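For reference, chains read A, B, C and D in written order, and residue numbers begin at 1 within each chain.
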Amino acid sequence: MTDLQDYPPQVQDEIARTREEVCELHAELTRWNLVVWTAGNVSQRLHSADLMVIKPSGVRYDRLTPDDMVVCDLDGVLVDGDHSPSSDTAAHAYVYRHMPEIYGVVHTHSTYATAWAARGEEIPCVLTMMGDEFGGPVPVGPFAIIGDDSIGRGIVETLRDSRSPAVLMQNHGPFTIGKTAEAAVKAAAMVEEVAHTVYVARQLGDPLPIAQDLIDRLHDRYTTVYGQH
Amino acid sequence: MTDLQDYPPQVQDEIARTREEVCELHAELTRWNLVVWTAGNVSQRLHSADLMVIKPSGVRYDRLTPDDMVVCDLDGVLVDGDHSPSSDTAAHAYVYRHMPEIYGVVHTHSTYATAWAARGEEIPCVLTMMGDEFGGPVPVGPFAIIGDDSIGRGIVETLRDSRSPAVLMQNHGPFTIGKTAEAAVKAAAMVEEVAHTVYVARQLGDPLPIAQDLIDRLHDRYTTVYGQH
Amino acid sequence: MTDLQDYPPQVQDEIARTREEVCELHAELTRWNLVVWTAGNVSQRLHSADLMVIKPSGVRYDRLTPDDMVVCDLDGVLVDGDHSPSSDTAAHAYVYRHMPEIYGVVHTHSTYATAWAARGEEIPCVLTMMGDEFGGPVPVGPFAIIGDDSIGRGIVETLRDSRSPAVLMQNHGPFTIGKTAEAAVKAAAMVEEVAHTVYVARQLGDPLPIAQDLIDRLHDRYTTVYGQH
Amino acid sequence: MTDLQDYPPQVQDEIARTREEVCELHAELTRWNLVVWTAGNVSQRLHSADLMVIKPSGVRYDRLTPDDMVVCDLDGVLVDGDHSPSSDTAAHAYVYRHMPEIYGVVHTHSTYATAWAARGEEIPCVLTMMGDEFGGPVPVGPFAIIGDDSIGRGIVETLRDSRSPAVLMQNHGPFTIGKTAEAAVKAAAMVEEVAHTVYVARQLGDPLPIAQDLIDRLHDRYTTVYGQH
């Protein structure tokens, strides 16, 4: 394990700040009911070095402190921390290696998004809010199990050609990405909300579609005017 | 941008009070689970000047302070504030310009109300609570997208001839109105509750209708005796 | 309005204690998600005089204090308090006049119980917890609207011959009764829970019935051994 | 009733520690919405003596203190405590007598798990999270009513040959087991989460199955690498 003291001061400073931010964002996962027990994780890539900060494995959310957050390199190898990194670290690391514009990744098993994933069915874009945030349906990624790069590869291959910051990995659950960990957490909250809303709409009958050119206008405006993507 | 100091003291006082009230009412949106992340907003029109106080754009609910609240004129132009006004400001402003008795507007994407909106289906009046509060079904407004006055116009045209303080804008979500922002927030909480309840009833089978004359009696009594509308 | 000072000290003491208890129990309504905004109420009858303590009308739950609680006689006439009594006071009073063993009444519009009420359909007894608490299905009461004794009469006529402490008033919502207000609040929490659970079971298919003699054994044991009814 | 002073100091110490832990774990039942009012309980067996610590009967969760926790022997007989033990004590005790590797038992009536129990239908293993935690479907146990050993026997007979730490007792609700009370509480939270998610998936259509050999690989890895079972 590398000694953190070997890194330049600005890297050490960014690590300290990022540990605070990533810890605080895990509280958002519980606030918006996206996780149960320890079943979700947030990471953020550093700008000053090829490192990421991620949740430790198996620590309960109400006990997480910034110091518990783990530092790994972009192969998922532990660099600093008192705990093992999350068991999903390999998937986060794969995303950072293959999507250089991405600095935040979130994984949850939030109820409604995971239900669509269990069906292997994309969430159709029937809400203006989905046009804004996702620019179309929320896509489904392949079935892949933990242990090699297949989860990371499934995420990257699905999202690379999509405007959606969220993918529903089949039988597994949502992964979301963003330019910051906060943006990825927002996407995790939004994908659960639209998964729930469209589920309810579908139980009532067939939701009304939104024409593709209107979805395009919503998404263009949202990402241009607000620059929130 | 006008200087707030140019306004008479009683306007400045009403602005300060209204910033407190509107900020506090955003906490009610989260308390009753009506919003996720930053996706809902409350405004209140002033009595002492043609101004409104509204939520800033993109600030998380747990960080909102009264000082963050933005003052706009009734064309939605920023008059005072450190942030941009909510992206829904134009719709709020349109309502105030065209419904002079209205001093509060609320917009959310609350789950169940938005699901009915995605279906383009009004919520039938099958609960005595709906007779009280809404005086009939909760109506659906037209599909309209952000960028001009079409959302505001859709709200006003739908609610002008209705007893309901809530409209479900198609594929979008609920807007509610009231004589105060608090009344509009109450209507936002109530429309979500009845949307949820009637959804569940419909999954069980066909809800029992309430005869129109009984709905009229409920609504008359509620608005006369309690004067809560 | 009678002056509270005219009552003997032990009545004044019981009123003070009961205001504390009834106020505290309203917090249980929000804790268990049984109410939205101001749409539910708890009352408790006194043992030392023919009086009841009930929620005031239209005050938000987070602002209720013991002093806000209203004292009425058993005709629902205000005896002491700074607010109007709940608009459901007549129904509570009717129950106390006609069921002398009852000292607590609760009314909510909790989501799932109210959905069954909108269907006019009793909740079948398919859970051992229902056998314990309700001793059979949760019955439906008649359609009745506010303004005379028809709600109170519907509650009493339905519950008088039932083992259930809860009735689903058609198109309206649940009323629950108990030997104390706390027991009635517990019944309000339990009826919502079983309404939700049996709804979900029915969406999955037909719930398995429990034979009547087993329901009887569950209920006898629960009310005898635990004396919690 | 045995005097607690008769036990060796290390037993008295373990009792004190276990009362703290078991009390704190009841707060997790409410945090994850697994219980209403008093309808769920946690116990933990001691390592230093044939004793267990369990929730008292009928005390509300927000009032539970470590001192309220009750000590019983493994026949469910009260050894120390100011309250009666939970009415489910006999079932917990039966599990400890017949599954010597188990040191934690939890019982709830959590909504979605209980709905599957009311259907008498196992929850199919269609989520990778279920492969990890349960190693297959969540099984259904027999209908059994309180009063003799039939609940305990049903739990043990169902779980003895299963990889699942959770059983859905028919028409009743889930019981979960673990090497500690915390592990059993985690299983109670997870079984409710998967019961909810798979319910939603099934309302959308047929969930996609996961092949048995993949379930085996998930479960083997989870229990070997993480040793969390």
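Rule of thumb we're sticking to: contacts are C-beta pairs under 8 Å (C-beta built on N, C-alpha and C of every residue); 3 or more make two chains touch, one makes a residue touch a chain.
It should be emphasised that the depicted structure is a prediction, and the values quoted were computed from it without experimental measurement.
Asks: What chains touch chain B and also chain C?
Replies: none
Asks: If you fit chain A onto chain D using the CA atoms, what's the rotation angle, as a multiple of 5 degrees?
Replies: Superposing chain A on chain D takes a rotation of 90 degrees, nearest 5.
Asks: Do the two copies chain A and chain B share over half of their interface residue numbers, or under half; same or different?
Replies: Copies use mostly different positions to touch.
Asks: Determine the centre-to-centre distance between chain C and chain D, using the mean Cα coordinates as centres, and give it in whole Å.
Replies: Inter-chain centre distance comes to 32 Å.
Asks: Mind checking the centre-to-centre distance between chain A and chain C? Centres are C-alpha means, answer in whole Å.
Replies: 45
Asks: By residue number and range, which residues of chain B touch two or more other chains?
Replies: Those would be 199, 203.
Asks: Show me, using the given definition of touch, all chain pairs that touch one another.
Replies: Result for touching pairs of chains: A-B, A-D, B-C, C-D.
Asks: Mind listing the chain D positions that touch chain A in their complex?
Replies: It comes out as residues 31-32, 126-129, 186, 189-190, 192-193, 196-201, 203-208, 210, 214, 217-218, 221, 225-226, 228.
Asks: For the complex, which residues does chain A have touching chain D?
Replies: 36-37, 39, 57-58, 62, 87, 109, 111-112, 114-116, 118-121, 143, 145-147, 170-173, 199, 202-203
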